[in-house]
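Each chain gets a letter, A, B, C and D, in the order it is written, and its residues are counted from 1.
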Amino acid sequence: MKFKNKLAQIASSLRDTNTSRALFTLLIFFVASTIFVNRFFTLNNLINVLRQSALVFSFSIGMAIAMLLAGLDLSIGAVAAYSGVLAASLISNGYIVLGIIVGLLVGITCGLISGVIISKYKVPPFIMTFGMMKIASGLALNFTKGESIYGLSDKFRWIGVGTIGLIPAPLIICTVLLILLAYFGKRSVLGRRIYAVGSNRNAARFSGIPCERTLMIGYALSGLFSGIAGLMFVARLGSAEGIMGDGWPLQAIAACVLGGVSFAGGEGTIQGAAIGALCVAIMYNVLNLLGVSPSWQQFLIGFVIIFVISIDFIKSQIIRKKNISNKLRTMQKTA
Amino acid sequence: MGKKGKKLHLSGPAIILIVLVVVSSLFINSFIRIGNINNILRQASMLSLVAMGQCIVILLAGIDLSQGSVMGLTGVSTALILSKGVPLVPGIILGLAIAMFCGLINGYLISYVKIPQFVATFGMFGMALGVALVISDSRVIWGFPETVRVIHDGEILGISAPFVIVGIIYLIMFWLLKFTRFGTSIYAIGGNATAAELSGMPVKRNVMLSYGISGLLAGAAGIMLMARMNSARAIMGTGYEFEAIAAVILGGTNRLGGKGGAVETITGVLILAVVRNALNLIGVSVYLQMVAVGFVLIVVYIINQNKGSNPLRKWFPVKNKGLVSGTTGNGNGR
Amino acid sequence: MEKNVILELENITKIYPGVVALDSVNFQLREGEVHVLSGENGAGKSTLIKILSGAEQPDYGSIIYQGKKRSFKYAYEAQRAGIATIYQEFNLIPELSIAQNIYLGREPKKLLGTFIDWKKVEKQAQALFDMLGVKIDVKTKVVNLPVSKQQMVEIAKALSLDSKVIIFDEPTSTLTDDDIVKLFEIIKRLREKKIGIIYISHRLEELFEIGDRVTVLRDGKKTGHHNIKDIDMSKIITEMVGRKIDKQFARDLQKPGKEVLKVEGFTSKGVFSNINFSVREREIVGFSGLVGSGRTEVMRAVFGIDKFDSGSLHFYGNKVEKSDPLKSVKLKLAFIPEDRKSEGTCLNLNIRDNIILASMASIFKSGIINLHEEKKLVTQAIKDLDIKTPSMQQKVKFLSGGNQQKVVLAKWLLTKSKIFIFDEPTRGIDVGAKAEFHKLINLLVKEGAGVIMISSEMPEVIGMSDRIFVMKEGTIVQEFSREEASQEKILKAAIG
Amino acid sequence: MKKTLFLVLIVLVVFSGVVFAQGQKDTPKESDNLHVALIVKNLSNPFFVYMKWGGEAAANKYGVDYTCLAPEQDGNVEAQIRIMEDLIQKGVDAIVVVPIDSRGIVAGIERANKAGVPVFVSNTRALGGEFLSFAGIDHTAMAEEMARYVVKSLNGKGKVIELEGTTGAQSSIDRGIGFKNVFSKEPGIEVLTRTTAEYNKAKAMQVTEDLLVRYDDIDAIVAYNDSMALGAVEALKAAGRLDKVMVTGTDANKDALDSLRRGELTATVDSNPVAQTFVPVEAAIRYLMYNEIPPAEMIVGEGKPTIVDQKNVEAFELQVIENLKGFGVTAEF
């Protein structure tokens, strides 16, 4: 019985058109790579892909939340870097727990600041998070003075490089995060509020939803998850650098968009973002396996994104045409 | 938009700019030298072109992330063309054509294929950059005739070329926005797309064109950058798109479309340029420069919006629905 | 073919994915006549208009205009040809001036067509309004205009295109009665100018006041066509809904209980001042007055969406210092706004999420939603209000106006609210849904709720309310009991 | 309440920013005091931080004012030009620049020439404009040296992967040439692939992970800088193949040296960043003070480049620290 419901839930989460489209995309990617790319479908590589997608997902979460709130968060990378370096500096001196706590706090704080300014001072998310990006990465670099901070205990590094059996730790962590978020997105009041505010802030307000608070929490969460991502990367690299998060926002946007999280707000799911992350990871992995020059990688990724998104349009056109012709045919029959 | 003359002198951003200039000339002895002013303006010239393009797109409540890589692409391809011995003018025209083409593709994807602007232009960002890297074999392109440098170093009647070029382009844009149907339509589309559509404006075409212009201007900037460095690389423009957006917003152009223009944009560009220059003159480390720029952006925006109109009218509409329905996006099924 | 027919539609058919919006519809318009088009929402009226105005193309069938077979690819083709449409939601650019709006895309030019001649634009615009006999400064931005004036702008625009056909889609739904009177005068003028007018309205009584002929649609099919003289309202209604609606306002009066809401000396500078009224259990308090007389603003302030400067609010006798939507919801206050699309519903969320929105926090205290519980509640609500939808997963944007409005109401029913504020509850809803909605309101009252109803529809207010407050320029000018209320009195108070 | 708390937050951050700014600008306002400026490629890579120290050391030696600036984004030569222009306006007496690309910087140098500010170039050649002297190490020579080391330790036989630097960066190009020169002559050495990791550790790690899937047996990974080498090391460690593959970096950064000490990295080659800036800055100062005309070419690090591997790392590092100490610069080791 319980199991049935679970199934039903999963089914309904797939019924979300955006997410199902993402799944479809992923399927195609996967099949194509398996067929055409030598060594893609090997245990080693699949684990490798999963690990990398987990990392992409880890920093896409923040972006996804912001996008569900009809905004976006360009500061994820910078915030991750800032909390990463601060945490690393503590951890390298042996204060593991303290370091982690500080890292997460820094993440939350940055996110919260963005959230407050966005909701209270009505600054568009784009501007605010762009500013926050500059500020955070500035502070991060200023803190490291360009040096890289290293000498991190292996206990801490486990979260980045450790494994349980064959399964890499980041994958486990991100799966847990995914499950939690998917659950709360659907089942928690907060989750529903985020969707509502993103979908139509005005209506949400008329329904007695605390829009401003929801926004703040949303961006704070985005910051928090950026912090987590930062820690995971630090653990993985064994060192923290101020430039760590460069280029994350764009990758995250790619993941979210491929995962069917729309900029309109209130559309898409965290599962979607995860799927998107997988797509992105597969793309990079395949291109490296094929030894495609980085130059072409740039091009292809841009192209794929546009193409995937335009599928909907093409599909709708076809369907429309079919309907009409069918209808007309039946009418001629009746007439 | 015909006459907002009185609104212009002393718009929020203008005041801020003046304050900035006054303050820095008081506290930084080397700031107010002719040389330095000249310097600030020359540095701003590239950004001002890109920003103008971005401005038009933002007036449509859009965004163009591809500008940076389009700059690179144009620079590189023009460089290659010229080094193949093609004479200056045709070479440049070719380069601009490429830039415009990229822009038009953006426009097409957005207005006809209905891909969200963010996605479309982001995709184009990747594609243009990729092509640029490929054709340049990701090397620095150089060894084209020195004559190119007149674009940046030359002088016309004692005024250095970049100012003249930028000046002309801005005049054209001002005219285009305020005194042509195309211009009005851009404000209209930004303000209420459906209405524009229904009042017989070729909305899709104009949107496409606007992105074309955005690309074109980015290309122009790319060529100027190429001339400035007498060499070109694929990645030389990346980052400009964000700078441009920042500048446009700083200038007080409304993120949700319908408000702003050439004057606002140049103001924004100058604000950024002055801040940067001042910080360099004091010798503030690059990191803290980033921090400072971030702050300025946010703070200035907050100030603007308290002076100007509330850019979130989308979220808190005026009581007369008829008007807002368009801006809240037409999400109705049929 | 018949003489002086300017516009004729033959077997027009339009299919959307899944739906047949129009099924081989014929329609005919003579010059100088007002041809009323009526039918429930989703009957295909709006699609018909879209096709006429070139916003959509028919999949089948032909448009014959001024004797020639025409097809309009774009909106402006129809406009240039002389078919102007004035939509229910005006299509004006808020940031542009009246003059700019009127000549949008057709601005006269100077200096060899290089510059737009703004002076000329304004002169011509002014001339148009003089012709209509409306006093207005064409330089003012549209965003600062009252609704009625905006409509005038639309009409002026139509004239500027010297249109042969003008289509009015629900022109009176946002107007107050005196504005309607003005509008009708203007329509009559247009009729004298031999302009053919297609007039769409849910307010059947208007048809008889203004219309010459009427065509009725239902589910995309033409179900009737008559001269207004030889037909009565009930017949039209039956043709529209396919069933008889016995009485439009079946209000069964209750004995009012104790006071639930009391407002004293309520003031917000420049918007409204010194508002005093109270609502008791089991009664409906109607608010009448011109649009922009401050009725909505007062209620927004009561609910806490806008701030108020002075005065006091009492719920069940205890004073509320500062109201805000959150608190209001906790206090069992419900607000059904006038604009469903931008204020009532989250269009791209599904019905379930919309219905549970306001109540989830109080129902699921733990912050975690019990899906079975939720499903039960929502399905119940859908059944009670009989919201027509395949499933509760359906996105709200695919529902008809009436059903959307029901979703909003359902949302508030789940909060077990005690006080309901309806702002123009039945604006733009078809007759059938209207009656249902009034029944629902009755039900609420029977169950002990106190209801505040803002309505510009005189019959509705009078028909439904126990007491009626008339507002004017931000103050309550008069209060009527159900017995003493009458159209004339109220109108007099409102305009006075 | 929330608002105030929030404002406090802002003020705090602003304040900290200001404080840092104070710390940054170490420029007393006497105009008669000499002022030399150094422009490096970026300050987010340890290598250039060494360069900063090198310049500082020289400045301290003669007690002149010293500023070190760099573009926000790596690889943005146009920003370098801007900075030069601003410095010229600021009225510095000499500029030492580490060009991001040899062509692009020319415009900046010419501006300086116009303004009569003497220019010194370091590390990467400038192909135009008038500058008094170029001081730098020979990237190609370094690469060749390292290549030979690799060949020797592989006994002339093995499969090699090259991790290139930022696409189009001069140093990356020159080093590439160096490696090619040697490897191409060695029949036993097979270069499996050359791919970029943009001088970036995270990127290097990701790329290596993929390459490890693609190639079963790899004998050596040579990276064009240390960050990438360390990224590769991490990837290898994770895959448990570190013992089978030798990894070499370039530049001998602090973190690379520690990695050597831990016995992970196999070797790196000293590009002597400190000297690379110390020499030209000193030359600039001496030119201004005693107007000594420096030689047009100053090759830093006399003799052939030093390979640092797990044996000589201790000695090497001690020496570096000593050198800097000598001029009152404490490198935070």
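One rule holds for everything that comes next: a contact is a pair of C-beta atoms (placed from the backbone, for glycine too) under 8 Å apart; a residue touches a chain by one contact, two chains touch by 3 or more.
It should be emphasised that the depicted structure is a prediction, and the values quoted were computed from it without experimental measurement.
Within the contact network of the assembly, the step distance from chain C to chain D comes to 2.
More inter-chain C-beta contacts link the pair B-C than the other of B-C and A-D. With centres defined by CA atoms alone, the chain at the far end from chain C is D. Mean C-alpha position of chain A lies 42 Å from that of chain C. Rounded to whole angstrom, the centroid-to-centroid distance between chain B and chain D, based on C-alpha atoms, equals 34 Å.
Annotation for chain D: residues touching 2 or more other chains are 13, 20, 42-43, 167, 196.
Touching two or more other chains at once are residues 133, 138, 234, 285-292, 295, 317, 331 of chain B.
Counting partner chains per residue, chain C has residues 16, 342, 347-348 touching two or more of them. Every pair of chains meeting the touch criterion is listed here: A-B, A-C, A-D, B-C, B-D. Residue ranges of chain D in contact with chain B, taken from their complex: 13-14, 17, 20-21, 24-25, 27, 29, 42-43, 67, 69-73, 75-78, 81-83, 85-91, 101-104, 106-107, 115, 127-128, 167-168, 170, 173, 196.
Of all the residues in chain A, the ones that touch chain D in their complex are 39, 42, 44-45, 48, 51-52, 109, 113, 116, 120, 135, 139, 141-142, 145-148, 150-151, 161, 168, 233, 236-239, 241-244, 246, 284-285, 288-289, 291, 293-295.
Of all the residues in chain B, the ones that touch chain D in their complex are 29-30, 33, 35-36, 39, 42-43, 46, 133, 136, 138-140, 142, 152-153, 225, 228-231, 233-236, 238-239, 276-277, 280-292, 295. Of all the residues in chain A, the ones that touch chain C in their complex are 5, 9, 12, 15, 186-190, 192, 195-196, 199-200, 202-210, 264, 266-267, 316, 319-320, 323-324, 327-328, 331. Remark: chain D residues 2-3, 6, 9-10, 13, 16, 20, 42-46, 48-49, 74, 167, 193, 195-196, 200-202, 205-207, 209-214, 227, 230-231, 234, 237-238, 254-255, 258, 332 touch chain A in the complex.
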